[in-house]
Amino acid sequence: MSDPTTRTIAVEYLARVEGEGAMKVVVRDGVVEDVEFRIFEPPRYFEAFLRGRMYSEAPDITARICGICPVAYQMSSVHAMEQAFGVEVGGQLRALRRLLYCGEWIESHVLHVYLLHAPDFLGYESAIHMAQDHREIVEQALRLKKIGNQVMTLLGGREIHPINVKVGGFYKAPTRADLDSLVEDLQWALDASRDMVRITAGLSFPEIEQPFEFVSLRHPDEYPFNEGRIVSSAGLDIANTEWNDWFLEEHVARSNALHSRIRSRGSYHVGPLARFALNRDLLHPEAVAAANEVGLPAVVTNPFRSIIVRSVETVHAVAEALDIIDRYEQPAAPAVPVTPIAGVGHGATEAPRGLLYHRYEIGGDGRILDAQIVPPTAQNQLTIEQDLREVLERNIEMADEPLQWRLEQTIRNYDPCISCATHFLRLEIDRG
Amino acid sequence: MGRDGVDRLISILEDRGFTVMGPTVRDGAIVHGPLRSTGDLPIGLRDEQGPGTYRLFERGDDALFGYVVGPSSPKMNFHPAETVLWKGSSDLTRADPAPEPPRFAFIGVRACELAAIAIQDRVFLGSGAVDRIYASNRSGSFMVAVNCVEPGATCFCASMDTGPRARTGYDLAMTEVIGDGIHHFVVEAGSDIGAEVLTELGARLAAADEIETAERLVGEAAGKMGRSLDTVGIKELLYAAAEDPYWEEIAARCLTCANCTMVCPTCFCSTVEDRGELANGSAERVRKWDSCFNFEFSLVHGGPHRVSPASRYRQWMTHKLASWYDQFDTSGCVGCGRCITWCPVGIDITAEAAAFRARGGDRA
Amino acid sequence: METAADLSLVDPMAPVPFMVLQRREETHDTFTLSLEPPEPFQFRPGQFNMLYPFGIGESAISISGDPAAPRRLVHTIRRVGNVTAALDRLRPGDVVGVRGPFGNPWPLDEARGGDLVFVAGGIGLAPLRPAIAWAVSHRDDYRRVVVLIGARTPADIVFVEQVQEWRGQFDLEVGVTVDAADHAWRGPVGVVTSLIPGADFEPSEALAMICGPEIMMRFTAAELVKRGVTTDRIHVSVERNMKCGIGFCGHCQFGPYFVCRDGPVFRYDRVERLLTVKEV
Amino acid sequence: MARPTLGVFKFASCDGCQLSLLDAEDELLAIAGEIHIANFVEASREVVEGPYDLSLVEGSITTAHDAERIHDVREQSKFLVTIGACATSGGIQALRNFANVEEYTSIVYAHPEYISTLATSTAIADHVPVDFELRGCPINKHQLIEVVGAFLDRRTPAVPTFSVCVECKRRGTTCIMVADGIPCMGPITQAGCGAICPAYDRGCYGCFGPMESPNVGALAEWWGQLGVGRRDLVDALRTFNANAPAFREASEVLLQSVAGPTTGRDSRRS
């Protein structure tokens, strides 16, 4: 029916991403005409209904934006509130927050690497299909993922939407013995995560190098989770309070998510590749060793190789979790006291899939006057489209079915959390 | 004997192979936990209880047992909240091993708790069938009672005739005497094995005046109960009140949350959940505490028998204070006050009983 | 406590495997299972068992067979939920767990020398059948024996052949009525209570046993009282939620009673008031 | 006999509830052995056409398109189980039901005209018949496994509807409302989570929705005595299960008693 010089490929639902969305590419006469990564998530209006709520509710409410990385939302929100109120959470409480984040990183990275992304490289529809041929790998993956979940469950009460995080710290701090119960599993996990680096480094990757501007947190002493300045590979170096001076969110017609760009520069890339490129010197020695063993360069610009970097970060998270537990002493109180005052607070932390920024304006009664939330997938949206264009151009001769798969894989390089960005992804390749 | 005597008692019981349990502080309340020494006891603490409230305070002395009962009771060990009843394969071959009797020794058990245990003994051991889980947990247990000298604000054991003095069901009973520079325990044996342990303790014989003081303190305690419940004709009173609209008034306050039944040391009701991996040919039946406040409790095909909160509260209170007499020849309430303290909205069984009595008077 | 309970005793909560011998359809939603007990199964009419289809759950089910046939345990079951549906899936050769027998029987001894009146509503005939069987096989112990059966429609009558058989017996008065008739129905139409005024028994000497829905039992009792049967000579079988069958679980409490131990068969004068108070 | 098929469907939600299936690390492969995961987009590219023997539906209905789509899902599903607060009560996004959506849209999006949405977020059962509802924000994975297992074995799932307090006491937690005066929604909230919050020294915030016979008024009264203001009470009822009838109605009653007949958050701002 269609013009012989045009082809149309349509995919209703993009699989193995968190949330649902659509993609549409238009190729006319062999030339890529348009690439759209569309997010159709029905709006859920978090920023709106946060208005009028107590500051203390923000960690639990914003967690519900995303079931995959609730800890990230809890962390960005508590840091923003603490900044607004001039509260410092240090010492063991700060360490416990990092530990909780380690748990989420392990869980989320392993989920993505083995259950969502690896099947693309190995040509399986899903990890369950993959398990038919690679049962041990999938079993190891599930066990490793479970250990991440155990860290979150012990510290947070449950793995999804943990209940123990509050502005000022925690509701209840674990005992030393509680944490010690994790050590044996985490030691196993250290080996398993090293294997993960080896296994992912052994995959074959499409050739593509992208001129990304990487953006991530940078902290003087630690690989970034909770705190630090916002830096970029193009020289940006700002405090989180300056976010809106540099970053811009745009609302475009094709998407229910807001797209971010750096003012007067354009797209940028957040996530493991960015963190790795900007903080490699701060990785845990175990992670550095694992990266070196497989010869990972200091900066990785092939987005497909993000799967290796995610694995390296998993080693980091496991190793750091062990260190934190090793040095743990139960704090005298599970939280520092918090008195709300009128003001503005910013929080930027590193969700597994990249920088997550929150900003709140709080009234003197502790109620939220205004909220702004910028999730990682929204920030990567333009970059994903650029990758899609590049991959499409390089593979324009590919048949529809493998091409479609390759394009899906390109999106999955970003572990996109469309639930965060808002949901519903549909892929259409219009070669019309 | 002094505090060191209690420590000796703990180690003697340990040596005899008992798992020694007693009051300990956890999460701001005194609950039963493992005891290794008197250091694990809530030394120098007292509890202040009221309807729906419980707080711990310093006493200003070193009393080991200067508080009354908390939310837990030995029921948690004898009739656990959750336990596997049966486990087996599809041909119904049993796969769970016979239970290993754990042999608990409880230190610091109050008279009301002994009375409650006696009631559960009757339920699980003494009315025909024998419950093997209860029997196993209960068998060979050793009870060290503490006579109450400072009853709490929600206590009413004196009116239920179960305390403050432990009368039966103990192996050893102690009275703690503290003040005026004195701090000692007057101990008596209530069983042969108790006497044996007492001998092993090697405590000196109490002087007549020491016994007298201890007696006096316990005797006075009966007059210091924070609450009371008039049991005269209570069964007939409540049976007659079955259709009293006053149940609705209680129901307006009652959350039907089941807390009172969970903390009550005599409540014994349970449900059974079936779990299985039928594909693997194995299944188990798990018994869990249940409550007459839950819908499913009275569910039959077509719906629960007791839907209205009023009917569920009525079932509970009538069972405790009336039908228990018909079933087990005793009250179902021992006057420990837990249901008053641990009701999240402070509904008070003694006050409600009094309300029915007042209304019964009107009716008559 | 010094007396260690003897744990080697049979665990009353452990299901014993019985093999299904036969299954027959009674009505569209009711079926009868015959089970083979590992050893002869003694019970008294009116008692029940807890049946356990493996892994699904337990249900209290009355014994509906002949007490004189201890090698064949019979249960008649209406499919209303998941456990009864699982029982419905059992086929000859399958295994089902049995605990029992539990509960109080019908007072057949006490009735000796007098008249017997059985009144059944729907599947309520199941727990009465062993008693009727007993009466038939001990016919000389009783004077008149009356069996009155009510069902919603002719298709809901259980034990049709057996009822036919009883009808054919000269020393048994059998009345069957339905709430709603079909073309083929030749018998009376109406609730079962309507059969009572005309039934042939001597009220002062009769002992009545009723089983059916609670409301039906109350109306039937009232009708019997009208005929002059005193409430202490009327017996009903009560149903409550039940988890254990031996008074541990507390679910079956019915006023001061445990239905599993003190019932299911109750003397009517003892429960009459309870049956009228809402939500007991 | 062929393995039964499973479909997992998503509406407006955070994905957390369906993630619970992937979080069942110990059981996932066994479940996949017993049931054919035929349509689970979050986990697999493979989409086998319906009908499905068992469907798990996550998320609430917030758009006209979804209001249509749920009927398709229902038609393709022999046994439909809704999972999570969004699907069973409308979720946190049902807070819009108490407010003006256009105003909300303009707060979040620069070009509100690009957004098409319904004025309400509603439970799946408000649109199609549902065979079983599994509560929680998020659901408890053990309960999910129980529901799937019970479905496979044709058994009634052990998912009680009584209060969180029952689980709280069974696990031996000291009641924090009684012992610490911390406001707790446990007495009016359905069990299922394992009574986590009180075990972590915080009050239950009701994420499993109303229990079988919630006496919200009586608890609110008590919370008042603990020092909780009306507005905070309303907020406590209006979180992840704000649109569950028992919570919604109680919150409306509370609002009226404080601000006269007006409703909506604007009245509370004044």
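Per-chain residue numbering starts at 1, and chain names A, B, C and D are given in the order in which the chains are listed.
One rule holds in what follows: contacts are C-beta pairs under 8 Å (C-beta built on N, C-alpha and C of every residue); 3 or more make two chains touch, one makes a residue touch a chain.
Predicted, not measured: the structure shown is a model, and the values here were computed from it.
J.: Please state, in steps, how far chain C lies from chain A along the shortest route of touching chains.
T.: Minimum step count, chain A to chain C: 2.
J.: Have a look and report which chain pair racks up the highest count of C-beta pairs in contact.
T.: Top-ranked chain pair by contact count is A-D.
J.: Report the inter-centroid distance (CA atoms only) between chain B and chain D in whole Å.
T.: Chain centres of chain B and chain D, defined by C-alpha means, are spaced 37 Å apart.
J.: How far is the middle of chain B from the middle of chain C, if each middle is the mean of its Cα atoms, in Å?
T.: 39
J.: Find the geometric centre of each of chain A and chain D from their Cα atoms only, then give the gap between the two centres in Å, rounded to an integer.
T.: It comes to 25 Å between the two C-alpha centres.
J.: If you average the CA atoms of chain C and of chain D, how many Å lie between those two points?
T.: Going by mean C-alpha positions, chain C sits 44 Å from chain D.
J.: List, in ascending order, every residue of chain C touching at least 2 other chains.
T.: Residues 55-57, 81.
J.: Among the residues of chain B, which are close enough to touch at least two other chains?
T.: Within chain B, the residues that touch at least two other chains are 274, 276, 278, 296.
J.: At least two other chains touched by the same residue of chain D: list those residues.
T.: Where chain D meets two or more other chains at a single residue, that happens at 153, 155, 201.
J.: Once you've mapped the touching chain pairs, tell me: line, ring, star, complete or other?
T.: Graph shape, chains as nodes and touching pairs as edges: none of the named types, so other.
J.: So in the complex, which bits of chain C are touching chain B?
T.: Counting only chain C, the residues touching chain B are 1-7, 9, 11-17, 52, 54-58, 80-81, 95, 97, 239-241, 243-244, 246-251, 253, 255-258, 261, 277-280.
J.: Taking the touch rule as given, give the residues of chain A at its contact with chain D in the complex, in rising order.
T.: Of all residues in chain A, those touching chain D are 13-20, 41-49, 51-54, 57, 60-61, 64-68, 70, 111, 115-116, 119, 125-129, 131, 135, 138-139, 142-143, 145-146, 149, 157-161, 163-164, 166, 170-172, 249-253, 256, 258, 334, 405, 408, 417, 419, 423.
J.: Tell me, which parts of chain B touch chain C in their complex?
T.: It comes out as residues 85-86, 88, 90-94, 98-99, 101, 121, 123-125, 127-132, 135-136, 138-141, 143, 191-193, 242-243, 268-272, 274, 276, 278, 283, 285, 290, 292, 296-301, 305-308, 311, 315, 319, 322-323, 326-327.
J.: Applying the document's contact rule, which stretches of chain B touch chain D when the two form their complex?
T.: Against chain D, chain B makes touches at 26-29, 31, 52-55, 70-72, 76, 81-82, 252-259, 262-263, 273-279, 288-289, 291, 293-296, 309, 341-342, 344-346.
J.: Inside the complex, what are the residues of chain D that reach chain B?
T.: Of all residues in chain D, those touching chain B are 30, 33-34, 146, 149, 152-153, 155, 158, 160-163, 165-166, 169-181, 184, 186-188, 201, 211-215, 217-219, 221-222.
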